[in-house]
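Shared between the two complexes below is subunit A, which has subunit B as its partner in the first and subunit C in the second.
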Partner chain A sequence: MAKRSDSLAKVTLAREPDAELREKISAFVRKRGCTGVCYTIDPKIVGGIIIGIGDTILDGSVRGRLEHIKQSL
Partner chain B sequence: MIDIQKIGRGILDKLDSVQEIEDDRSCGRITYAGDGIIHISGLEDVKYNELLEIQGGYHALALNLEKFSVGAVLLSGAEKVRYGDLVYSTGKTVQMRVGEELLGRIVDPLGDPVDGLAAIASQEYRPVEFPAPSIMDRAKVNKPLQTGILAIDSMIPIGRGQRELIIGDRQTGKTAIAVDTILNQKGQDVICIYVSIGQKASSLAKIVNTLRNEGALAYTCIVSSTADDPVPLQYLAPYSGCALAEYFMYQGKDVLIVYDDLSKHAVAYRTMSLLLKRPAGREAYPGDVFYLHSRLLERAAKLSEEKGGGSITALPIVETLAGDISAYIPTNVISITDGQIYLESELFNSGVRPAVNVGLSVSRVGGSAQRAAVRQISGQLRVNLAQYRELAIFMQFGSDLDAETAKTLSRGAKMTDALKQRQYLNYSVKDMVVLLTVSQSDLVDKIPEKRMHAFVEGLPDYIRVNRPQLLEAIDPDKKVSEELRSKMLAVAAEYIDCSVGEDAARPLAAEEN
Partner chain C sequence: MLMTIFQSQLLATPLDEIIDPSSIIFHLIALVILTVGLYLLLFKPVKKMVKQRQEKIRKIEKENADLNEEVKEMKSSIELVLSDAKKEAAVIQENAVKVANQKADDIVASARRQAKSMVERTEQEMEEEYRKLQEDIEAQIADVSLAVAEKVLGRKLTPEDDKKLIEECLAKWSKE
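The block that comes next holds the complex of A and B.
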């Protein structure tokens, strides 16, 4: 797994995160070896969160789920 | 009335059955797409031969793992993927759908039906690449696989678990032999798999029709990749077919698999390799083209009793150019297989069909699996035919022959005639015992040369109708006794008499075509 100590985690959200959420996210990515977080706001993902660390993508967005359901049915 | 609640419930049920996605997936982006090849940046933890999923539901196969990129071939969506699309790893290798339901169906190399019939319910899968049975798991080939073709079953016998190459120029009846063999497995408890690799769709349709009309589709599965399918699918087809064959073999069943043909498979692999920029070797084939076929054919085996005793008999087909069996792919496959059936266009055009060149064809293991009776009477056949051919070539220059030579020549010609066989006309083992006995006896001197072929074709039917007790007396697993031999000859003499009688009544010309 890509765990680069010097890398930034790319986090995509539907809305601007509040301070509490920011805190949670940075704690999460730091545990995985990232030094900082780079936020992108994209209303198209509807809700949820996408976290990219190195090559690994954690897709917890509503759009991702919907697309998966669409493909499975 | 439409029950909305019911529909709603149906949708909810379906949603429940959707598997949660693993949201922790490694991913990369396409940096190059062209000729069915993609290069991907990222995707660091991908494994060799791993199935990749591309945004939009397409698939690719990872084949080149480099420092900064991954080279993959597209299994689908070659025209649809774009630069920058996301590619996910799946952690799986390519899988082939397997199961009893595939019999009677035409499927693509991933196990999805292409015959326009219902979806295949089976949810069982096997990896397309699978290690061959180990030395300890194997047993000796001891059961014959009857092709129903006299020339092959007598002189080039094939055993269950053997790999016998069918090689020859185009239009020499290679596929015909394979199809005849499949047809002859009716009621023999052998499952057949026909793998078409880059064949014309029209030829494949013809084979499917033949199998259907003869009732052979019930125990046959066709793994199809036609000439217009993406190259990676053509490359996968034989491995997929083999995965299906293994599914049955490990259940203890006997399987016959036909790879039609491996020269096109090598060409498909060469295409992929060149596009992936792998170094080219002889005839521009990549360095591992030998391994390509050896790992495929090693998976054909006869399993030991502890492993269930199943078997895979492989009949790979290779097409040569102008009879050149010393080209790269033919020599490779000849050295991997346990023998070859060599077909010649010269023989084919002179009317010897099947056009088997007996001198160049061999079977390295089938002899021990041959039925006792057939082995006994065909022992001398190959030598006799070789002598005849030598003499025939020599005598082309001489004019006056002594009586002995003339007799040898005429007998040799009749023997060659006896081995001619129409397509779809398969002989049973008992028929073969009779035909081989009779055609090597003194009786043939009584038959006019032009009538020999008709005699051989008619004799089995004559016996079945008029002398069924003779067939009952034959036990293919025992040697033919002198008494049985004379009985057979007596019946044959009877048939000669009445067919010569027919000759007098009917003009000869009407019988010949």
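The block that comes next holds the complex of A and C.
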């Protein structure tokens, strides 16, 4: 994947992450070429994580999975 | 009167005077003259008149016969015309009945087609409505299930579970 040295990864969580989790998330987005992370807390996603890097959205939220199940239904 | 006078003179005259040959000849001549006169003056005109009458009667009879013939011809002609008219009327009536029956059949067939079309359209509409209703119900079920799942998971998902879930996602995406 191409480096995104000037971009921030937009991370959405259901609750505030602890330091360990923040570190893991930062390490993940750095591997994807981002220089920093912008956190958003949204309880509506119930749980899990949503990471937006540029045009790419990685949805690992509980709500996203339920939406996927709903579409399957 | 004359006959009486004649008879009285005849009886008064002697028989030898009566049988006078000249008188007989005279009478014979008178008889002949009388006969000829009667023939010329009476019998011939009467005969002519009778002949004319007969001719006239024959003419009238001929006219009657001609008229009768003409009447017969007219009668037969009229009967022929009537017969033709009856035949034509029968044909017209038969054709009218056929046309009416055909129209009735067409109307019935058209009504049946329309009824069938209406039934099919109604069935299609019912199927469409049923399908839409089923989809709505399924969507509502999915929405309700999602809402229930969110509520249940929101309550039961502990911070540790959430952290574990996030770590699993990061590990999975790192492998891709």
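The rule is simple: the second predicted complex is superposed on the first by the 70 of 73 C-alpha atoms of A that agree within 3 Å, B and C clash if a C-alpha of one lies under 4 Å from a C-alpha of the other, contacts with A are read in each partner's own complex, and residues count from 1 in each chain.
Just so we're on the same page, a contact is a pair of C-beta atoms (placed from the backbone, for glycine too) under 8 Å apart; a residue touches a chain by one contact, two chains touch by 3 or more.
Keep in mind that this is a model prediction, so the values were computed, not measured.
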First, second, both or neither for A:R63, with subunit B first and subunit C second: second
Touched partner set for A:G54, first subunit B, second subunit C, both or neither: first
First (subunit B), second (subunit C), both or neither touched by A:K31: second
Which of subunit B and subunit C A:V46 touches, first, second, both or neither: second
Subunit A residues touched - subunit C or subunit B, whichever exceeds: C
Shared contact residues on subunit A - subunit B and subunit C: 58, 60, 69, 73
Residue ranges of subunit C touching subunit A (in the complex, touch as defined): 138, 141-143, 145-146, 149-150, 153-154, 157, 159, 161-163, 165-170, 172-174
Complex contact set, residues of subunit A against subunit C: 13-15, 17-18, 21, 24-25, 28, 31, 43, 46-49, 51, 58, 60, 62-63, 66-67, 69-70, 73
Complex contact set, residues of subunit B against subunit A: 14-15, 18-19, 21, 23-28, 42-45, 57, 86, 88
Complex contact set, residues of subunit A against subunit B: 1-2, 52, 54-60, 64-65, 68-69, 71-73
